[in-house]
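Chains: A, B, C and D, in written order; residue numbering restarts at 1 for each.
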Amino acid sequence: MSLENFTGGRYPLLKNCFDELVATDGSARPPASAIARFIAKHGDLELCKRQLQLNQTISDMGVCFTLYADGANIDRAWPLDVIPRTIPSSEWQRTSAGLKQRLAALNLFIDDLYNEQKILKQGIVPAELILDSKNFLAPCQGVSPIHGVWANICGTDLVRDEHGQFLVLEDNLRVPSGVSYMLENRTVMKRVFPELFADSTIVPVDDYPAQLWQMLASLSPRGEHVPPCIVVLTPGIYNSAYFEHSFLAQQMGVELAENHDLFVEDDRVWLKTLRGKRQVDVIYRRIDDIFIDPQAFRPDSVLGIPGLIAVWRKGLVAIANAPGSGVADDKVIYSFVPKIIQYYLGEEPLLQNVETYLCQDPLQRSFVLANLDKLVVKPANESGGYGILIGPRASQSERDEMAMAIKANPRNFIAQPTLNLSTAPTLCEGMLEPRHLDLRPFILQGADLYCSTGGLSRVALTRGSLVVNSSQGGGSKDTWIINDEG
Amino acid sequence: MSLENFTGGRYPLLKNCFDELVATDGSARPPASAIARFIAKHGDLELCKRQLQLNQTISDMGVCFTLYADGANIDRAWPLDVIPRTIPSSEWQRTSAGLKQRLAALNLFIDDLYNEQKILKQGIVPAELILDSKNFLAPCQGVSPIHGVWANICGTDLVRDEHGQFLVLEDNLRVPSGVSYMLENRTVMKRVFPELFADSTIVPVDDYPAQLWQMLASLSPRGEHVPPCIVVLTPGIYNSAYFEHSFLAQQMGVELAENHDLFVEDDRVWLKTLRGKRQVDVIYRRIDDIFIDPQAFRPDSVLGIPGLIAVWRKGLVAIANAPGSGVADDKVIYSFVPKIIQYYLGEEPLLQNVETYLCQDPLQRSFVLANLDKLVVKPANESGGYGILIGPRASQSERDEMAMAIKANPRNFIAQPTLNLSTAPTLCEGMLEPRHLDLRPFILQGADLYCSTGGLSRVALTRGSLVVNSSQGGGSKDTWIINDEG
Amino acid sequence: MLARSVENIFWLGRYLERLDDTARLVNATSHLLIDSHKDTEFGWPVLLEVMGQDSAKVLASYGLEHQNRQQLAQIEQAVMQHLISNIDSPVSIRNACSQLRYNARTIRQLLPRDMWEELNKLDSFVQQQCVETVSRQQRYQLMTEISRRCQMVIGTLDSVMLRGDAFDLFTIGRHLERADMVTRIMDVMVLQTLQPTQLKRPRFRWISILNALGGAESYQYYIANNLAGAAADAIDYLLCYADFPRSVSYCLHRIAASGKALPNSPAILQQVHQLQHLITEQAVTELSTVQLHQLIDQIQTGIIDLHQVLVDIATAEQQPLTA
Amino acid sequence: MLARSVENIFWLGRYLERLDDTARLVNATSHLLIDSHKDTEFGWPVLLEVMGQDSAKVLASYGLEHQNRQQLAQIEQAVMQHLISNIDSPVSIRNACSQLRYNARTIRQLLPRDMWEELNKLDSFVQQQCVETVSRQQRYQLMTEISRRCQMVIGTLDSVMLRGDAFDLFTIGRHLERADMVTRIMDVMVLQTLQPTQLKRPRFRWISILNALGGAESYQYYIANNLAGAAADAIDYLLCYADFPRSVSYCLHRIAASGKALPNSPAILQQVHQLQHLITEQAVTELSTVQLHQLIDQIQTGIIDLHQVLVDIATAEQQPLTA
């Protein structure tokens, strides 16, 4: 069942872009049919009303992210577009299988790197790529966390190419954020669009906190017969993701600790509670590796919990993600992931990478330098969209600058073709227009593997823009996995 | 300080009527100057807005009266006009002195009637008027309540004649009601017009419940050293004045009892409480005499508290107003009140009566019958405005009917000239128009005499109408005694 | 206070809580159906059963068939009308609110002015807003607002009402009603998954119900801290977790605390203790669904008895007042 | 809960109560001035004194003179700005609300979702509505609405928040603040009528204050039932009448009840008992205004000490957790 013309043909599909809700003939794709009917029935004005109601709900619910501006921190309301993004459940099942496969392989890879280093010895991945990386942390060598899993929580960014195929853009293995917005987006949408939920079969997402808790509990050094003490470790109330930290602690029913709430004594980590010190089993840390223990990483730092890494190395506390996981979160390593999957699992990757040129490789580097105006160049070790050159939109001087940076430190850059990211109808000044978006699902691995139902869809609100980060003006959409299997 | 033209001259003063707020030259009277300034500044639209706000406040506060309609009882919102009625405090002091004088005399009169009957023996009041009256209750003879006071709470209806002089229209000595609306009107007005209260010095009215309690406490048979148990006795939740009964009980911090909550045992009256029976000292009854004790008055009645009157006669419980007080609440007796005051107090009455013709007197009766088209005829023993003939507005057949009724039972009728009741600006369909009104102050007598600050102003909402009763479509106004003595 | 007022103040508490609980139940069910949870076959008529109504009979009175899959939209409409707007329905929000107002009016002298005002506002809000034509979209907001306004009455009361018999009776009424409603909800949870041959019960989660009861996070806390052993589920939580103010256990605790100072408190406390004993006698986690259903039945009987004991405290012979 | 969170949850309670009490105080004073009661010379600057501010200094910061009868309207404006809208004023409603939100944000994981949402709504309401240009007419409605919304938070909390340390600390914070504010109000009542040579004190009635505190009817009940002897007045009532939930005596009772289960409860209870002893040591009705003023001073010192004891319970040496 699809509507002939989405919004009566007024929706300006972009050429060479896959639209999530609207087929090339202008009709609504089947999972979006309920939305199309709603729009056809109620019109744009009702959408605007709902958008206002939605904004109010977000304000009431206190869903926000924190920005630094002039030294003061400001809570900004979380931006959510009124039109959801739909994905058929059959497609999602294949995708999530690929995501789990990928995380399983990456964890085998990290565990190998800090122990036997078979993959380096066999030259599948060039050893110098790893051993020279600042993300390869010496204190982690010889450790094997429980279940052999290092990156327990992974946020993988997916994009669709012009054919509608999901491609992996990057793996976030350190402290990926956004899952709280995925959950809150759904809560908001249920309040604002209850009738749409009645008309489609939308798979719930609210399982995530319980799954996260269960995964973390499965890491407890004291085993499953002692109720584990789990804490979320946050840099504090001024951190940009503080909302998420407190949200997850609240949803899981665990404490939200800062560094100085924890201390090491007698080879154990302790939490300072009102009723005395309590032994901590699992730390879900939302702090970068190098700030968690000054004894291990930055002796000059006042941050961190002195002695934590030593306790962790002895297996007397679990840290998720484990320190050192970031070694696999590198855009150069990224290009090796298909090989990594084949190596450890003996399987073909279910999800494809975006074509990637390594600037370290002289041949590929010359190609990149020659085609800077067509490619997207990314630093290997930044996140949040910073430091990226989008060739076709950059000025000549920006390109020249990038060329020099590449030549100075080729290991630090990769390049990819400019993708025609998929679009979805987005309410822009009262009209529905196509806007580019990506998708960040969240994959958990502890004793078991779990993938969130859909994920966080981030959308670039500026026409033609590919920048989806909320810190840079991006918005979001609720992601609906629509049951299409009866 | 007065405004030249109240509402810019658009206010249509009635001829030959005193207007409470507006002088004959169209300027605001001094106590109304703040109101006039408000109207001049904000205009009619603001008045309408405030009226809406006022109505909402009344609904929120649950201020209502109960009407029977088709056997069901319906709570109706209490009608309050947005424009207050103002009286200068100097005038009010004279008036309240007159009211207290009047009640003191009436109580001496009642006490005399049930005991020595000096006034009858001396022929000042014709004995048959009293002894034949159904309001003269045999069981009350020989009783003298504490302080010699029978009517502890009196609601005296005042009107102004065309010269602006206050005249007494009637004395309500049984269960006068309305004081709760006087109090609630003020509360509502304070919320809706706080700025007006800032601009004038309006004497507060909220002392009344404490004064009422104190008066009732002064009646306690156990004296002032035992905390008295006082109850308000109500016919029940379907009574038209139930709102007032529960309001006064709440404001005084005493129980609101129905008949079956009380019983007589061992020469005492008891209240059935959750924690056992409690001896009652004072009953503020809001039930007619004849329904309070079937043993004394109506053996066939299932209502009432059997044995109550016997306990009262022994002085072991106080009842306010005392049974039998109604003997002085009779429009024929009314005409003798000036004489009663002179007889008992040796003073000239401070407040005048309306000129009254007794149909019992043959000479006066012929005058009445000959002038039925000019007079107002009232039954001697009805309240609430029922049974009244307003001659100039009645049809010939109505007048004929009344003539027959008078001839059949002359004792039962009095007649008064049609008064040009005073008016006050009232918001009628968005415009201020003059509407007739009266005033019911409340006078208390126990150990002391007290008169309420102003009273309840009732206003006839229909153009030209003189009927102010809320059960017949009348409204009300807050009554502001404005300090004019610095 | 008057002996006669006991029932009114007690019912005032019950109806206020019923209003709140019914609104929460409607939202919980709507969300449950929104999510089309796979672990249940919750349908609209079940809501009527929770409220103690014969769903087939009620639907017939709206001209509908109980199990007719073709009439789903009309059944939803009818059930909602019956629970929200139909003043003649004994379980509608409008009806509960009228009863609330009636009882308040009868004992107005016992209520602080602010509370009386809040009750008036609540009543006029409910009578104006709970109309037949409430759409699904408005429903959520409406139910939430009704719950909020009930909370406001409670807050006002906490802030200004004199502590004493009336306050205690009101508090007991609220918590008795709450225990009653929570038990009904649990019963339906159990009945929906009850299979005659099943000995071990499935793990109840019912996140929507817990959400509507404001207990989703504290349930997670309960589970995360393993407060009743690894086998605990939403049933244990709602029955036994005394720290959660909507658990049966908490309600009984509050009733006992408020009943202590009332006349005839031994009779009240004895009845409460019997109920508490029922719950603590054996580990609830160990029960099969059949046993659970029986336990819930026993609790409901106990609640009815407790109600009677409370109402009767005022009808005892009138002894002279002491103290 | 975390040791660090003790202060936040405690302040959360205090600020919520402060918000409510300040709104009530503003309305009480406005009504007092409206009625131009003869038994007092209550002026706007007194409000600043109640809030512990130096009124002359504050008014100077608004460019006004303290005692200037010519500037009455501007003084009212300035005092109201200082108490309502001025975010930089330490005693403004907006400031209290920002502090409330800050503390809530810091311990959000301890708060039920519904309560968090109510606090957000309260904050955005206050920040939007408490602006400089609130007219006298709007003021009453605004203050009432703020009080109502505070009640709603309390009601929500009562309905869904887990009972435990956090709940106890919050409750203590609320009642400590309430006792503090009521004592301040009393102090001003006393100071306003304090004459050095006076030995017997005049009978305080202060119906507007009682009305704003929701206690006018129960005060009448207290007097009508002669619960503290014939000489009792509003001071006795606010200080000693333990059944009234805004009396100092009630607050202390609640603090003791909530403090009982906390760690280091002996220290808390000892401090509360000292305060209770102060009040009950001698009949308050017997005190002269001078003695009364001294007593209130002592109570306020005791409240400050109690606050410190409470805040300190978390900073004790970390012993292994038991139970």
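In this section, a residue touches a chain if its C-beta (ideal position, glycine included) is under 8 Å from a C-beta of that chain, and two chains touch if they have at least 3 such contacts.
All of these numbers come straight from a predicted model, not from anything done at the bench.
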Statement: Common contacts of subunit B and subunit D, by label, are C
- request: Pick out whichever of the two, A-C or B-C, is joined by more C-beta pairs in contact.
  value: B-C
- prompt: What chain lies farthest away from subunit D once each centre is taken as the mean of the Cα atoms?
  reply: A
Message: Distance between subunit A and subunit D based on Cα centroids, please, to the nearest Å.
response: 47
Statement: Taking each chain's centre as the mean of its CA atoms, subunit A sits from subunit B at a distance in Å of 77
Field: Whole-Å gap separating subunit A and subunit C, where each centre is the average of the chain's CA atoms
entry: 42
- prompt: Multi-chain contacts in subunit B: which residues touch at least two other chains?
  reply: 250, 254
- request: Could you check subunit D for residues that touch two or more other chains and list them?
  value: 113, 217-218, 221
Query: Given which chains touch which, is the overall layout a line, a ring, a star, complete, or other?
result: other
Query: Where on subunit B does subunit C make contact in their complex?
result: 59-62, 232, 237, 242, 246-247, 249-250, 254-258, 260-261, 270-278
Task: Within their complex, state which residues of subunit C touch subunit B.
output: 1-6, 105-106, 108-111, 113, 116-117, 119-121, 124, 165, 262-263, 313-314, 318-323
Field: Parts of subunit D lying in touch with subunit B, wherever the complex brings them together
entry: 30-31, 33-37, 135-137, 139-141, 205, 207, 217-226, 230
Residue numbers on subunit C that touch subunit D, as the complex places them: 20, 112-114, 118, 148, 150-156, 158-164, 213-218, 221, 242-246, 250
- request: Please give the residue numbers of subunit B that touch subunit D in the complex, ascending.
  value: 190-195, 197-198, 201-202, 204, 206, 209-210, 213, 217, 224, 227, 230, 250-254
